[in-house]
Amino acid sequence: MDNTLSNTALTEPHGPRPKRLISTRNIVLYGFLIVAALYWLLPLYVMIITSLKGLPEIRMGNVFSPPVEITFAPWAKAWDSACTGLYCEGLKVGFWNSVKILIPSTIISITIASVNGYALSFWRFKGSEIFFTILLFGAFIPYQVMLYPLVIILRELHLFSSLGGVVLIHTIFGMPILTLLFRNYFASVPEELFKAARVDGAGFWRIFLQIMLPMSLPIFVVAIILQVTGIWNDFLFGIIYAGTHNFPMTVQLNNIVNSTQGVKEYNVNMAATLLTGLLPLIVYFISGKLFVRGIAAGAVKG
Amino acid sequence: MSNNLTNQQAPASEATGRQRRHPLLRNLSAKIAAIPMVLVTLVGFVGCSVWSIVYSFTSSKSLPRETFVGLKQYDRLFDSSRWQASVENVAIYGVCSLVFSLGVGFLLAVAMDQKIRFENTFRTIFLYPFALSFIVTGLVWQWLLNGDFGIAQVIRDIGFTNFEFNILSDREYSIYAIVIAGLWQGTGFVMALMLAGLRGIDQDIWKAARVDGIPAWRTYLFIVIPMMKPVFITTLVIIASGIVKVFDLVVALTDGGPGVSSELPAKYVYDWMFGRGNLGQALAASTVMLSTVLIILIPWAYLEYSQKKDATHG
Amino acid sequence: MTSVAISDLSLSFGPVEVLKSLNLEVEEGEFVVLLGPSGCGKSTLLNCIAGLLDVTAGQIFIDGKNVTWEEPKDRGIGMVFQSYALYPQMSVEKNLSFGLRVAGLPKNEIIERVSRAAEILQIEPLLKRKPGALSGGQRQRVAIGRALVRDVNVFLFDEPLSNLDAKLRTDLRVELKRLHQRLGNTMIYVTHDQIEALTLADRIAIMKDGLIQQFDSPSNIYNNPHNRFVAGFIGSPGMNFLQGALVSEAGQWFFNAEGLRVPLSDYRFVHPPQEGQAVEFGLRPEHIVVGDASTTQPVTMQVDTELVEPMGADTVLWTNVAGHALTIRTDSESNVKTGDNINIGFNTARVSIFSENGERV
Amino acid sequence: ANATELEVTHWWTSGGEAAAVKVFADAFNAGGDTWKDGAIAGSGGTARPVIISRIIGGDPMGATQLNHGRQAEELVEEGLMLDLTELAEKEGWKDLVRPSSLLDACTLDGKVYCVPVNIHSFQWMWTSLDAYKKAGVDAPADWNEFVASAPKLREAGITPLAVGAQTWQTNGMFGVIRMGLGGIDLFRKTDVERDPEAIRGETMASIFKAFGEARSLDDENNSIQNWNDATSQVINGTHGAQIMGDWAQGEFQVAGQTAGVEYDCLPGLGIAPALDTGGDAFYFPVQDDPEKTAAQLRMASMMISKPVQVDFNLKKGSLPVRGDVDLAAANECMKKGLEILKDPANIVPGGDQLFSQDTLGQLEDLLAEFWTNPDMTPEDAHDAWATLYEEAD
Amino acid sequence: MTSVAISDLSLSFGPVEVLKSLNLEVEEGEFVVLLGPSGCGKSTLLNCIAGLLDVTAGQIFIDGKNVTWEEPKDRGIGMVFQSYALYPQMSVEKNLSFGLRVAGLPKNEIIERVSRAAEILQIEPLLKRKPGALSGGQRQRVAIGRALVRDVNVFLFDEPLSNLDAKLRTDLRVELKRLHQRLGNTMIYVTHDQIEALTLADRIAIMKDGLIQQFDSPSNIYNNPHNRFVAGFIGSPGMNFLQGALVSEAGQWFFNAEGLRVPLSDYRFVHPPQEGQAVEFGLRPEHIVVGDASTTQPVTMQVDTELVEPMGADTVLWTNVAGHALTIRTDSESNVKTGDNINIGFNTARVSIFSENGERV
């Protein structure tokens, strides 16, 4: 091939287009991102530094100034010995209760919702769409409306004030959005796969368990994240339906934060707050990437 | 075509195949598997809604009683200035959080989609508040927005000694404090949804627009946003269902105050249902909320549904 | 013996009638291709045979047994899908054995069948891989293997090649054909690609709008189309159609069109022609002879070349005669250029004439 | 007796309150049973739904705090509350409890269903002597002096009035001002007799006017929600005074302050020495287990017993429900209160007994709105208030 | 005049070098097709020309102007994408005019250009529709129209037909060719379908691994492939390759393989052959003559038929000679059956011989 061209003009543009690192575009772009990030980080920053300050320092100092003397006492107190009423056992009791509620609730609510989504995508029957529509409307019903009748329903089922009860409640309230997620996801799975499995003789459950489940990881990640944060942060259902011996961590948090023993112990409050939020936060930090990917994998279609 | 088969129905008599199943028994496992959903929709959602509508016509106090009083609860509801304030507030809160969380969420997603550095970090930063409970959000923002020692104090410390910023105790603006905290919590999730949507756009569209010389902002505005309609709809459903139900945040942040200036309908329902023992009034309020939602949703769902039908036929 | 018989099959999706009282009889060991334009109901028919759709009316027999209401797995069929529908998270081996495990076959039986299928399809080295790590052709073989292990008499294929590129398609076509010769089962194969249909089929069923238009051997379909739709659908580039009328003169029939008059001495009418009958005159591009050789043909004429399309082995000429477009396929040696006026010739024994309602005259 | 564990729900979580609960718990535990504390912080609004749901849902707690009065009426009607009549008769509560209205509030169809444990009245104003010292003004002896001294306090950088933003506080404050400026007679006319003339009368109008003027006395940018946070402001001397029930007393005590030294208390705003007798009561939801029922009765008996009443009320800052106890240990303010209580004419029933929670809620909303909305005129507020009174049940 | 010139173009994605110092010069008005297997860098090259990717090294000239650093819109190019990338919510008219409106052209100018493009492409009746309501072919025309209205000299196409079914593909190919003849602009067209390349191109650039293997006219590419890759890539069914060696005997060169000995009297060597050199002997299926006519060919032999594949106009025979597989393409009139032993013949003037490193000998 001829080489005349390359000789003509080395003075002319050649090679990669020169890029300025500090272009207007980059300034605007990163400026915007950084300002936004500051807004989002500010509360976390305040929570953390406050939780590490002693009370006198809080009273005198500026909310935003870093602690002069770092103390972990508030964390220890929040976890171990913060009081509500007569008990000074901190959050630690509630933590395990929360875990006790979280695990079965997450598993059962996601299990049922995923079966719903699967049935609604591959095994439609007469009226299945109507149920789905009602289910979606259900997402808009304020919890409070259902609080009362659900107390009565649970009483009749002998599930009130039990782990089973609160699991059922989380299953009910998680169902609309989760079913929507799973249905949209399964809608993007090729129907041929389903047909192939049927020709292979697999039935409803086997197709679900052996074919669909293993390929639904992304959407399960999304569902798990949503449920873990939702259930972990729940206060109302836990306190009403779970029974005293199962009070979740948020109940203790509420008690610690809302009861003042003389001076408001902001540092303990903040530490308690952070401790309560730790588990969902960790879940997010670990799986944030999977979360976005999972949403992209079908949750937002249609 | 060969028609000899029709004469040859013989195989039918000799072969005894399985008979046609009864319609109810077809798809049996699917129907069994759907029982929880059917129960939840019928007993849970429909049942509870009907229950609450029925008892909204009674004078039930702490406990449901069949003492029907016609529209009395509704008369009182619509006369109540707190209810009016609540409706007004939910409108403000709804519009603001819709506009800003969609707007800011989309902008953030766009920024994140520019092949930036530290994308993971930024995404986590925007997303983490979604992991926190409203109690936490309320507490933190109550603090930050405190006129005495919150952000306002910092600005005063910087030198603007006369700076006053105390929307928490300003009845005109207290609802915006809730908006600010709500946005802080929820926008990250919207961003994640939008980002997923953006990533789903055909790369060729971008190239086509560049060849056409269409500036990026116009591409977003006129091409990409319309293409992301399904994402916007999913997001809208999620945000809107959150708006209707917002409760914990108000309780934690302002408790409806000062006065009744930041009350919201869900709290109205809650207060009367439990704190103030007037179930009928609470249920009347919730019925109004429910029917508003239905009035908005049904035409929309109908439109969506009929449009989809058209699309498959066209 | 009849392997698959379909009698008066109808299927509707709500108000839309997709299959309309369709009949079809497939002999044992036959390779039948269902060919038709997109949306004509090919996949629907196949799904009915497989039992994946519930029929609205009619009956389906497989190996003499009425299976209209059987479960797919009990019909003695295997099916291969367009996208192969391999279970993505299972190894090839698991993919093959899934159906057998569902059926609860003994372990050694499963192992034996899988290894036999793997041997036939030459996929032994791939057994431990996941579908994601296979090429298109390998995936197809696995998909076929999944049908193979089921030890059934009837194989159903739904456009198994349409996702592949041209080169792979050619290779796999041959492989499929070989496989059929080796196994000898009945195969029903859906496609909308006529090359596939012509190369693979013992008989082709041409479908349109839920009805079978012609069910015949490839050469009959190609040379002797029953109606205009079949004629136009088969062949690439497509058959040339000229509008005109039949006229007779001294016991000799002619095809008359604007500026054209073709004597039909060699054409075998299947229905008695009528004087002045409006007809379409169909002529395949590859049945037209160009250049010097054309003079030996019964009918000759001169045409203007508008476009020359070299296609490797052949060249397609897009020409014009008295305002009628005429496509001609010739070998690549001819040196025709755009704009040339050339001589052509053809034999009316090889043309097809259709009445206004589309039936062959 | 068999040791039985009883869960007790209440919303007493502030410093003074918790100390008082401990008295109960210790006493109950000392009897060989176990007090399982079920505190739910964040005022009755948070706790009540939980309590009611659990009783309705069939998981009743052993005992629960509820404001006596009409709140529990329906639960009692449903047969969900333990009938304490036998115990009450045996121990002669009728004679012990003073004023008798407290027991009446626990009685439905002649049967007793709750134990009143203390007398609370809202009719107090707490002033910070420190703050006045700082401002160089004499501490006020009544409301009018307080209003007059307000500009001076402001000059010294002290906010005259500390108010928590919760609506019930505003409502209570209004009640106190109403009683102080209008007197007991007016109160009886409006709240007990519901006399329309009194309700819409001149005096009420002037009270609304005064309340309207009081709006300027608190923080412009008040960001405090809880009553005890407001009390802290008075304790710290950054605010001049707070109108709050006698439970605030407990906070001063926990902070180590002494009446008459660091702070002062003015019952009835220092004008009309009257006290309403609200108060707390404990109910005992019906239990299946007879063991528990027995323990419930033990607890009820313990709560109203003499030494417990004394200890409890000293800690809580409230007055005992028994007339026959010796409160030598009581502080200055409590003694003032006891003094007033001696004359039955000074005693008026609490709001919980007079109105349904429903009406109280509406009143709260109205007054909270009036308090925070400077555009709302006293006339408007009076009119709306009167309408609510006329429709109240 | 040179329309598009690419000089020493390199492009890397991180460590992966996709284009490797590539040179290409396209004449004005030429229709150039970039053909190559998937992943060879065709789209990447096209995107570089369009300015959608920043090059790593090298220069790009369009109409003599160095556009290496220009924005896509300023390069005077129009581009048509595989998925067409129509703006889905805009009407066809808006799709066509959006770029012009953004550029701020006067209204009447816009209207004029749009209507001219619509006329050329015959999409006037569709102007008010949305892309969703168009067929595949119509969409393609709109996509071309979008390039057309921009009044540019160079059109770039990235596999614009690969999403369509076979029949439509044939039709649109012809339309594209006609359009090119009518407009006369330079067109650079990416595909991996050789039929498209052969029918459309004035010149074909065969790419592999980021390098151009041969840039030549279709007939040269077909008849005279420079290397084994090009030879094997073009033609369907593919060229037959036989492994063997060159031997000379009495000044006459022979191709020797197991059981075969082919005299190379008519073969034109481009490099001097060496005794015993290991080579591959390439023979196109369609250059083999079957039956009686074969006797007239310089080289003849007998082969066993293993499979007969009728393909309408042609038939493909899969045969075996001395253990070497040989595919033969013949017309459909031959009546060869599976298992037949038949006579074949060919002319060594039409074979290609490649050395071990793949270069033509």
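In this document, chain identifiers A, B, C, D and E correspond to the written order of the chains, with residue numbering beginning at 1 in each.
Rule of thumb we're sticking to: a contact is a pair of C-beta atoms (placed from the backbone, for glycine too) under 8 Å apart; a residue touches a chain by one contact, two chains touch by 3 or more.
Quick caveat, the model's predicted, so the values are computed rather than measured.
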Along the shortest chain of touching chains, how many steps lie between chain A and chain E?
1
Determine the shortest chain-contact distance, in steps, between chain B and chain E.
1
Please give the intersection of the contact partners of chain B with those of chain D.
A
Out of every possible chain pairing, name the one holding the most C-beta contact pairs.
A-B
Farthest chain from chain E, comparing Cα centres?
D
Whole-Å distance, C-alpha centre of chain D to that of chain E, is 92
Chain centre separation in whole Å, for chain D relative to chain A (CA means):
41
Taking each chain's mean CA coordinate, chain C and chain E are separated, in whole Å, by 27
Identify all positions of chain A at which a residue touches two or more other chains, and write them in rising order.
147-148, 254, 257
Can you tell me which residues of chain C touch two or more of the remaining chains?
none
Which chain D residues sit where two or more other chains touch them?
49, 56
Per the touch rule above, chain A residues touching chain B in the complex are 29-30, 32-33, 36-37, 39-44, 46-47, 62-64, 112, 115-116, 118-119, 123, 125-126, 128, 131, 133-150, 153, 171-172, 175-177, 179-180, 184, 203-205, 229, 232-236, 250, 253-254, 257, 266, 269, 273, 276-277, 280-281, 283-285, 288-289, 291-293, 295-296, 299-302
In their complex, what parts of chain A are in touch with chain D?
83-87, 147-148, 151-152, 154-155, 158, 160-161, 239-241, 243-244, 251, 254-264
Taking the complex as given, what residues does chain D use to touch chain B?
44-45, 48-49, 52, 56, 70-71, 73-75, 78, 165-167, 170, 219-223, 225, 356-358, 360-362, 365-366, 368-373, 384
Report the residues of chain A in contact with chain E in the complex, numbered from low to high.
1-3, 5-6, 9, 12-18
Can you name the residues of chain B that touch chain A in the complex?
23, 26-27, 29-31, 33-34, 36-38, 40-41, 43-49, 51-52, 64, 104, 107-108, 111-112, 114, 116, 120, 122-137, 139-141, 143-144, 149-151, 153-154, 157, 184, 188, 192-193, 195-197, 199-200, 230-231, 234-235, 237-238, 240-241, 244-245, 247-248, 265-266, 269-270, 273, 279, 282-283, 286, 289-290, 293-294, 297, 301
